[in-house]
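The chains carry the letters A, B, C and D, assigned in the order they are written, with residues numbered from 1 in each.
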Amino acid sequence: MDLAYTPQEEEFRTELREWLARVLPGLPERPDPLDWPGRRAYDTTWQRMLYDAGYADLQREATPTQHLIFLEETERAGAPYVGANFVGLLHAGPTIAAEGTPEQQERWLPPILRGDEVWCQGFSEPEAGSDLASLRTKAVRDGDHYVVTGSKIWTSHAEVADWCELLVRTTPVTPDTPKHKGITWLAMPMDAPGITVRPLRTLAGSTEFAEMFLDEVRVPVANRVGAENDGWRVTMVTLSFERGTAFVGEVVACRRTLAEVAREARTNGTWDDPAVRRQLGRLNAEFMTLWRLTQWNVSEAQKTGGVPGVGGSVFKLRYSHARQELYDTAAEVLGPDAFDLDHDWTLDRLSSLSYTIAAGTSQIQQNIVAERILGLPKGR
Amino acid sequence: MDLAYTPQEEEFRTELREWLARVLPGLPERPDPLDWPGRRAYDTTWQRMLYDAGYADLQREATPTQHLIFLEETERAGAPYVGANFVGLLHAGPTIAAEGTPEQQERWLPPILRGDEVWCQGFSEPEAGSDLASLRTKAVRDGDHYVVTGSKIWTSHAEVADWCELLVRTTPVTPDTPKHKGITWLAMPMDAPGITVRPLRTLAGSTEFAEMFLDEVRVPVANRVGAENDGWRVTMVTLSFERGTAFVGEVVACRRTLAEVAREARTNGTWDDPAVRRQLGRLNAEFMTLWRLTQWNVSEAQKTGGVPGVGGSVFKLRYSHARQELYDTAAEVLGPDAFDLDHDWTLDRLSSLSYTIAAGTSQIQQNIVAERILGLPKGR
Amino acid sequence: MDFQLTADQRALRQGVRDLLARRFDREALRAAVDAGGELDRDLWRALGEAGFFALRLPEAEGGVGLGLPEAVLLFEEAGRALLPGPLIDTHLAAGEVKGAAEGEVVVTAPYGHFVEHLGDADVIVRADKDALNGAMKVRSVDPLTPLTRLSRRTPYPYPPEAVLLTAAEQVGTAARTLDLAVQHACERVQFGQPVGGFQAVKHLCAQMLVRVETARTAVYAAAVTGTAVERAAAKLLADEAAVRNARDCLQVCGGMGFTWEADVHLHLKRAWVRAGRGPSKAEAEEELAAALLGDPA
Amino acid sequence: MDFQLTADQRALRQGVRDLLARRFDREALRAAVDAGGELDRDLWRALGEAGFFALRLPEAEGGVGLGLPEAVLLFEEAGRALLPGPLIDTHLAAGEVKGAAEGEVVVTAPYGHFVEHLGDADVIVRADKDALNGAMKVRSVDPLTPLTRLSRRTPYPYPPEAVLLTAAEQVGTAARTLDLAVQHACERVQFGQPVGGFQAVKHLCAQMLVRVETARTAVYAAAVTGTAVERAAAKLLADEAAVRNARDCLQVCGGMGFTWEADVHLHLKRAWVRAGRGPSKAEAEEELAAALLGDPA
């Protein structure tokens, strides 16, 4: 049990730092959040730089600890986020790598790593949120195509994506075919006729997400990864294993924000209120430990090659709550500035509200922890 | 909407105060908590004094507001609690009054009011707690008797009671007879052969409660209140309506304790910690409002003659939590004294732990509120 | 003692609720959001005609002649409907500022570091002549409440009645977000049943109701007694009820609650802004603590 | 980086767990309760033989030569088993006080206003000669921890290692009360199903696990790094995990948990007593806050 990095790991870190110091000053200006093509270009330029420097495929080419170091250092250096490449690198890519044919891997993986092609995710539907497997978007076979009709929601980067990893229903739900059994995974080209993308405004006022309406979109059968009706398993292969690295950058960022909030408190005098000070101290314990928990999970993944996603549920339950507390505390420290949307922490506070909902609500996460880790019975 | 008492109510209060000032100094010493016969004698003496002064049957003879005044003033004056007379006055008595025959009322009610006879309650069983209706204690008809076998738990004052209001199963549970349908209400004489009472020690170290084992106890059929198999309804008639007065004395007592904790904090210096001070202030808001909520519920009962017990669930959820917070705060103020069982607040802290469990856990209360007040569907 | 609404009070509450349903329905609400909280003068006059501002003005002065207990009922409804505008300041100015009682003018006043709805206001009270020197409009977190930031904190305290009426508005938000959560929980089906069938959702909603009932009782009691300590309790519990209920409503509504189209965020943001008026949580708690050392209750 | 237990560490933990299962089973626990926390000297010597006290003493001095990371594993097991006695003081005294390492003597030490297990102690450390003047035995809330109250607060600070080992014991209580809750939830049938099938119970248990994992990680990290700020985090999170898990276990177990015969109250009371050792919640938070103003993490 130790927290020291090996010489190899330290070397990886040093080289990465040097590279970051060299290339970051040359990056173009960050685009306006509303400029989608600009954002795509920025994010893919960065991905290409990572590719050229050998940092593109850490998921497969680096150890979990190196991956952690990469995420920690890039966050600290203020490097760009994965952004538009998120789905390709972290969801669709790993799925294709695990379940695709050699031809499919050859077709789709290199452009993802080079930043040439951007993917989005078409999983959630208006009527299928927590209960993802109840999805209704229908795909009907017509020769060597599937004809897809339905609607998806919470699709990030849909406006600028080249591909969508899409879950569709190929067999209707019946007493003989439970909802998990009739689902198929497709790679849908986003330029296919019949796709309408409508930006979805969140309570933070931003349009990070979109709704996507599919009207008889034709997707080649060759774009199916895995067997027909086996899409649920195909998806879960990727979703249910992880390396503990999912929130590395965010935890590093939260710790930096917490220190900034403390300095702001010191500056504006709220630090003199012991209740504020202690709440900041409490959050320090919280995020310091979330960082250690990350290191624990990454070390476990390093030993075992990957950890079951249920361990991630424990982390996410604690982290999402801590993050919301952090921004509530920031608002208390800010006082009047907390009502000003031009203050970053105000917007961050709003977006942090999604953390107990998105990617599995805290209620669902607690069910997972109780049933899959603790072995409590499924209720009636 | 007003909080002023009418002249009649003020007169009731004044007379009660005068009477309390006159009689309380003449009361005997409080008995040792372990001296059960002594406690019975003390409690029944007090009940007789109330009877002679015309305060014995407030449930029927006074308005809800007068009842509130009575409970408020007796608590403030440090008068004895209802103690051993609790079940007779507040559960068994009202049930007999509502559902008993004239002969049964004549037989049992006057001795309760005079403090001549003490009742205990045989409802809960080791395997039937939250799910009371799943009780198994069996009664088999044998001529003009029921022969009762089974066991009960959480029976207060069983050692010194004359009667037990007992719920028994007279028809086994089958697909045709759901669990609520085969239950019968009996008045069991506690001197009948076959009853064994064993004290039950709680985590507070006290033996307030007992287990009761029934081995072929013969109870006359004439002691049945209501019809055979109708005992669940008979019981619920009493349990499901109330006058909002259930916690009057306790809220008054908590407010006094809170003020004492504040003074102790002031004395021992913990008051200088703003976090302690504000927590005390928060609790002041809490208990002040619980008092107003009591007045609200009592006023409603005054208008309508009684309120559905579900309103009591809202009160109990908030109150039980606030009470536990009060004693946690008291412990923080006490510091080292909080580890000393000779300090009253330490014992009170321990017994307050039962408040979110006894008489319907907070989880059950939340179900009741959600389903019966808010109309949320029963889940699978 | 009769700590229950009278028939007149119930009728008053129903009347306001009906008025707001007619004059400020969901369409009007969303139009107001799109307009950045700009006020509808016709609505303002309609409120004036209905006695919203003149409620506590003596009948002799052309008012309705009612008191704080009635006022908190009105402002709870205003909070429930997310009615925008400096309602409390205009209400308090009735009888002081010409036209306020009738809804002919919009009156606002600074508190803390802010003035609300400065752009729409005809009159500013509780402000000295250079109060607005260097004041700057901010991008308000609440789309229904334009905020202007003062260059320094106003020296005028927030009036006691305004504290109480703000608490009443918070109760409205707490109650309305409970309604929204219950409605969603009954309608939204996941895993083959309405999500309200799941205990976790049930218990969130139950606790929301507990907060509503408790905060409302505190507000009513403070309106009846008018004491500073009960007012502090009302503010404390109502702020908490509004913010936490809006948060829990969001949790119950899940992804759907996170969209701009859902109303829950408007309640949450307004609850934050209202919690910033008058005594802070810490100040209210200090007042309540100090009261404990006075005469025992 | 390899922040996972080594095979040796896992074996050590299993060894202690087996030893305690053999030498301090439930019967022994309840016997100790009935004896008012009086110590079993044979057990104490057995702990000594197993290296419980000499664990961190260098091998050259007859110890096991291990470090804090191993010690926290031991004390977590001790906490889980509710092992009574001044374990930490005796462990810290190994090598300093003759016979401590071997479990031949019982060493205790004052902290704050108390000494634990004074009646059983052979040696008292961190105490000046009149430390016990006017000391009085109190009726201890924890039946397994006899407490003697000092006439004044001891001037000696609670040693840093003792803070960490106390936190490790708290993790043991947090983990054990989770086990008890899960066991009850799987066995107790109400309304036709194990109560663990109800979401409310599930979610209580899930949050208990989250607390265990978080607190344990904090304790391990503090053991590895040895820094004051990580120790403060470990104490804070472990105290909270132990007390809240014991409370939640009680809630899950319902009436049955409220009886003297159930073990959950022993954990709750011990968790309260342990939380009283070393820095208070406020002190730990202040230390953690101060650290935020130092170099950014």
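One rule holds for everything that comes next: contacts are C-beta pairs under 8 Å (C-beta built on N, C-alpha and C of every residue); 3 or more make two chains touch, one makes a residue touch a chain.
Since the structure is predicted, the reported quantities are computational estimates derived from the model, not experimental observations.
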(request) Using the touch definition from the top, list the chains contacting both chain B and chain C. (result) A, D
(request) Give the chain pair, either A-D or B-D, that is connected by more C-beta contacts. (result) A-D
(request) Determine the centre-to-centre distance between chain C and chain D, using the mean Cα coordinates as centres, and give it in whole Å. (result) 49
(message) Can you work out the whole-Å distance between the CA centroids of chain B and chain D?
(response) 38
(message) Can you work out the whole-Å distance between the CA centroids of chain A and chain D?
(response) 39
(message) Between chain A and chain B, what distance separates the C-alpha centroids? Give it in angstrom.
(response) 53
(message) Give me the residue numbers in chain B that touch at least two other chains, ranges are fine.
(response) 273-275, 278, 363, 366, 379-380
(request) Could you list which residues of chain D touch at least two other chains? (result) 198-201, 203, 282
(message) Which label fits the chain touch graph of this model best, line, ring, star, complete or other?
(response) complete
(message) Under the definition above, what is the set of chain B residues touching chain C in their complex?
(response) 1-6, 9, 65, 255-256, 258-259, 262-263, 266, 274, 277-282, 284-286, 288-293, 295-296, 298-300, 302-303, 314, 317-318, 363, 365-367, 369-371, 373-380
(request) Could you pull out which chain C residues touch chain B in their complex? (result) 1-6, 9, 69, 178, 182, 185-186, 192-194, 196-199, 201-203, 205-207, 209-210, 213-214, 217-218, 220-221, 223-225, 229-230, 232-233, 236-237, 282, 284-293, 296-297
(message) Please output the residues of chain C touching chain D within their complex, sorted ascending.
(response) 198-200, 203
(request) Would you tell me which residues of chain C are touching chain A in their complex? (result) 112-114, 138-142, 147, 149, 189-191, 195, 198, 200-201, 247, 250-251, 254-262, 264-265, 268, 272-273, 276, 282
(message) Per the contact definition, I'd like the list of chain B residues that touch chain A in the complex.
(response) 273-275, 278, 379-380
